[in-house]
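Sharing a structure below in structure tokens format, with a few things to ask.
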Amino acid sequence: MKKKSSARQQKQRLGFGLLTLMAILTVIPIVAVVVYIFVLGAPAVNLEFITGFPRDGMRAGGILPAIVGTFYLTLGTAIFSVPLGIGAAIYLSEYAPDNRATQLIRIAIINLAGIPSVVYGLFGLGLFVLFLDFGTSILAGSLTLSIMTLPVIISTAEEALRAVPQAFRTVSISVGATKWQTIRKIVLPQALPGILTGVILGLERAAGETAPILFTVAAFFLPRLPNSPLDATMALPYHLYVISTQVPGMPIKIQYGTALVLLVFVLSMNLIATTIRSRARARRQW
Amino acid sequence: MNKITIENLSLKYSDGTESLRDINLEIPDQQISVIFGPAGGGKSSLLRTLNRLNDLADVVEREGTIKIDDQDIYQPGYDVIQLRRIVGMVFARPVVLPMSIRENLTYGLEVAGIRDPNLLENVLETSLKKAALWEEVKDRLEDPGVALSGGQQQRLCLARVLALEPEVILLDEPTSGLDPISTGKVEESLQELKKEYTIILVPHSVQQAARTADQAAFLLQGELIEVASGEVMFTNPQQQRTQDYIQGRFG
Amino acid sequence: MKINFRNQSRLGEFAITTLIKIAGYSAILFVGMIFLFLMLEGLPATRQVSLDSLLSDRWYPIEDYFGVLPLLGGSLLITLGATLIAVPFGIGTAVYLSEIAPRWLREILKPLVEVLGGLPSVVLGFLGILVLSPYLRVLLDLPTGLSALTGAVLLGGIAIPTVVSVAEDALDAVPKSYRDASLAMGATEWQTIWRVTLPAARSGVLTAIMLGVGRAIGETMTVMMVTGNAPIVPKGLGDLFSPVRTMTATIAAEMGEVANGSVHYHVLFLIGIILFLISLVVNVTASAVVFRSKKSQDRILS
């Protein structure tokens, strides 16, 4: 009897050990990536790097246009995708009946979420750059990125809205509020932290994407700041791609420095989103 | 004087539950009318037809009329929003909105476009006093509503309803989550309130029904079995089924 | 005291409700638009290039060779390799996080995995070129480090967070009572995981895998940077060590150089249609699996 159970215990210990090893092997690369880029990129990043313009065919100087470009693209994406995404989430959570049409909407969202980013780039090229003649511009790039970001915002926002207890809505209606008043005054404010987290995570992805902006907005050698939404612009992800694959004699330090700036941009958004999420959880009144 | 007249009311939901069958009932003014019966009998449904809260549920069929002050509340063009102010509801679990005590009370007024701070303060104080809560919270109106105890929260919900100057107050098992002392306080308040308002109560026990009812109606599986005064119903009911239920032979 | 109540304007309420409804349906509009545009620009290719030619094994646009087979093969090979890495590691980590790790550790590791999911793929491709590729070249004594293998490893790493996240949620959703019942009958925790918990979360885990595969197929930048970009039809798993070209990388690399309206341009859009359809099938199937099994689960439990 004892022999049998200790064999099972051994099997368990082995199994647990294996899984623990797997988890470690999964996590270590993540830490390694971040640490590696920080260590190798930090020497390149100084004030001039962040605020200066590139010189010598991008081989020296700063990357300010790329930083500004990514900032504008993220802003542009937010302008289009946030109101639309939250609106769609409100529809799905508060208004949509349980029927075929609503199912179709959900399938469409799942679909949008799965489309490869380069296909978005193709679409953006075809529709915004060529057909609507916006040209290679921040406008075209933002619109493309917005549609790509839409499903993320809609799913997280809908989840946040649904988490608000139904009882609040019932009570609100029972004292004479309309549906929209209920949403505006109670449901939306309560869901806001969750929605915000989702928005920031969505925008974080948009900021880091290269393929959708390849043909719609990104320029490599454009060492000046964009003046209007119809201008093309440099952008951090695209910049990193080009300098690491297409420019001979590019100093490694600058490559790592650029990667570091992009990483910091993205990770800080992640940090903000996570902080909002945990703060809100603590302060909830339900 | 009959405040509410229900005629031939039938109700069916899309999944077949909680339907009402041919209800005929008169609710007199300035009395506590009690609607009691076993679970699933349609009591909540009946209550929700009175403030048209069941407009939000998927009702498949509705027949009959409900008249308040001789006005059919289901006629096209009827002001449903105003109806819900006139007919207030207190739910089984106290639902306190995620705001301060003050904001909870003024919510109904705010959505009705009332901004005058003096008016709001007046209404606040009056309704809290009527709900017997004023003394306990007058110094902590800015505290979040959830900071109150269960019994206090329920009285807050009552005050919230009173702030809109209703004419009818519906209470759906309002004391089911409360301790006996809080329950007693609520029942006391009802006796005071009935002087001004029409009270309709779904009790959470037969005993509570017996304690509070001026008029009692027994609802079983969507059908109105018997209606009588409180005294008669709980000492000498006419129908066998009513007697069986009151004596606890089923439930 | 008679208060003067003022109702919310009915017109205003209607206007806002309409706007919200439009926003709700916008997703359908966008999917439709994307599909429409891809078709518009991609279908002409079927008229300009014969089917035989498209299915040939030579992709050399400069000399009018438009065989998509090498690209399809490249995508498939890399996705297969990525799946072989992502599934065991992803599910293993998910099981670890959900069933074995102590709560405090889980609170640290789960966000960490999420961070990996948020890393821009271009950054991973970048490290792939500078770090992983030379390392693999030296380690395995290969002529070049820019191969399908490098791509598969990186892609596996990119897919893992998706798999972990969805699978862990699925495992977490299994009711505690299932585990308790198993343990009460004398099974060890290990046996419980494999015989009770994992099967119960089967549909969610399947979804996780499918979504991970979907992510891998659709990845562009990483593969473009590390797979060597040689459009040759892979003949077997041995070709894992040679350079390949995926469909995604092809579009990304060549779109910038095509003349608008040329045959090459249309064929690239055609490849886009293929990618769109693949992702459609994978993602809709994944969600249908979850939906259907949730329904049957409900039926069993009631």
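Worth a mention:
Labels for the chains are A, B and C, by order of writing; each one numbers its residues from 1.
Throughout what follows, a residue touches a chain if its C-beta (ideal position, glycine included) is under 8 Å from a C-beta of that chain, and two chains touch if they have at least 3 such contacts.
Just so it is clear, the model here is predicted, and its values are computed rather than measured.
Considering the contact criterion stated above, the chains in touch with chain B and with chain C alike are A. Chain-level centrality, scored on Cα centres against the all-protein Cα centre, points to A.
Centre to centre, using the average C-alpha position, chain B and chain C are separated by 53 Å.
Inter-chain centre distance (chain A to chain C, centres taken as mean C-alpha positions): 16 Å.
Rounded to a whole number, the gap between the C-alpha centres of chain A and chain B is 48 angstrom. Among the residues of chain A, those touching two or more other chains are numbered 176-178, 181.
For chain B, the set of residues that touch two or more other chains comprises 81-82, 85, 111-112, 164. Residue positions 5, 7-8 of chain C are each in touch with at least two other chains. Looking at the complex, you find that chain B touches chain A at residues 51, 53, 56, 81-82, 84-85, 88-89, 91, 93, 95, 97-99, 107-108, 110-112, 144-146, 157, 160-161, 164. Residue ranges on chain C touching chain B, taken from their complex, read 1-8. Across the complex, chain C meets chain A through its residues 5, 7-8, 13, 16-17, 19-28, 30-31, 33-34, 37-38, 40-41, 88-90, 92-93, 95-97, 100-101, 109, 111-116, 118-127, 129-131, 157, 160, 164, 188-191, 211, 214, 217-221, 225, 248, 251-252, 255-256, 260, 268-269, 272, 275-276, 279-280, 282-284, 287.
Within the complex formed with chain C, the chain B residues making contact are 79, 81-82, 85, 109, 111-114, 119, 122-123, 126, 164-165.
On the chain A side of its complex with chain C, the touching residues are 8-9, 11-12, 15-16, 18-20, 22-23, 25-27, 29-31, 33-34, 36-37, 83-84, 86-88, 90-92, 95-96, 104-105, 107-123, 125-127, 130-131, 147, 150-151, 154, 176-181, 201, 204-205, 207-211, 214-215, 237-238, 240-241, 244-245, 252, 255, 259, 262-263, 266-267, 270, 274.
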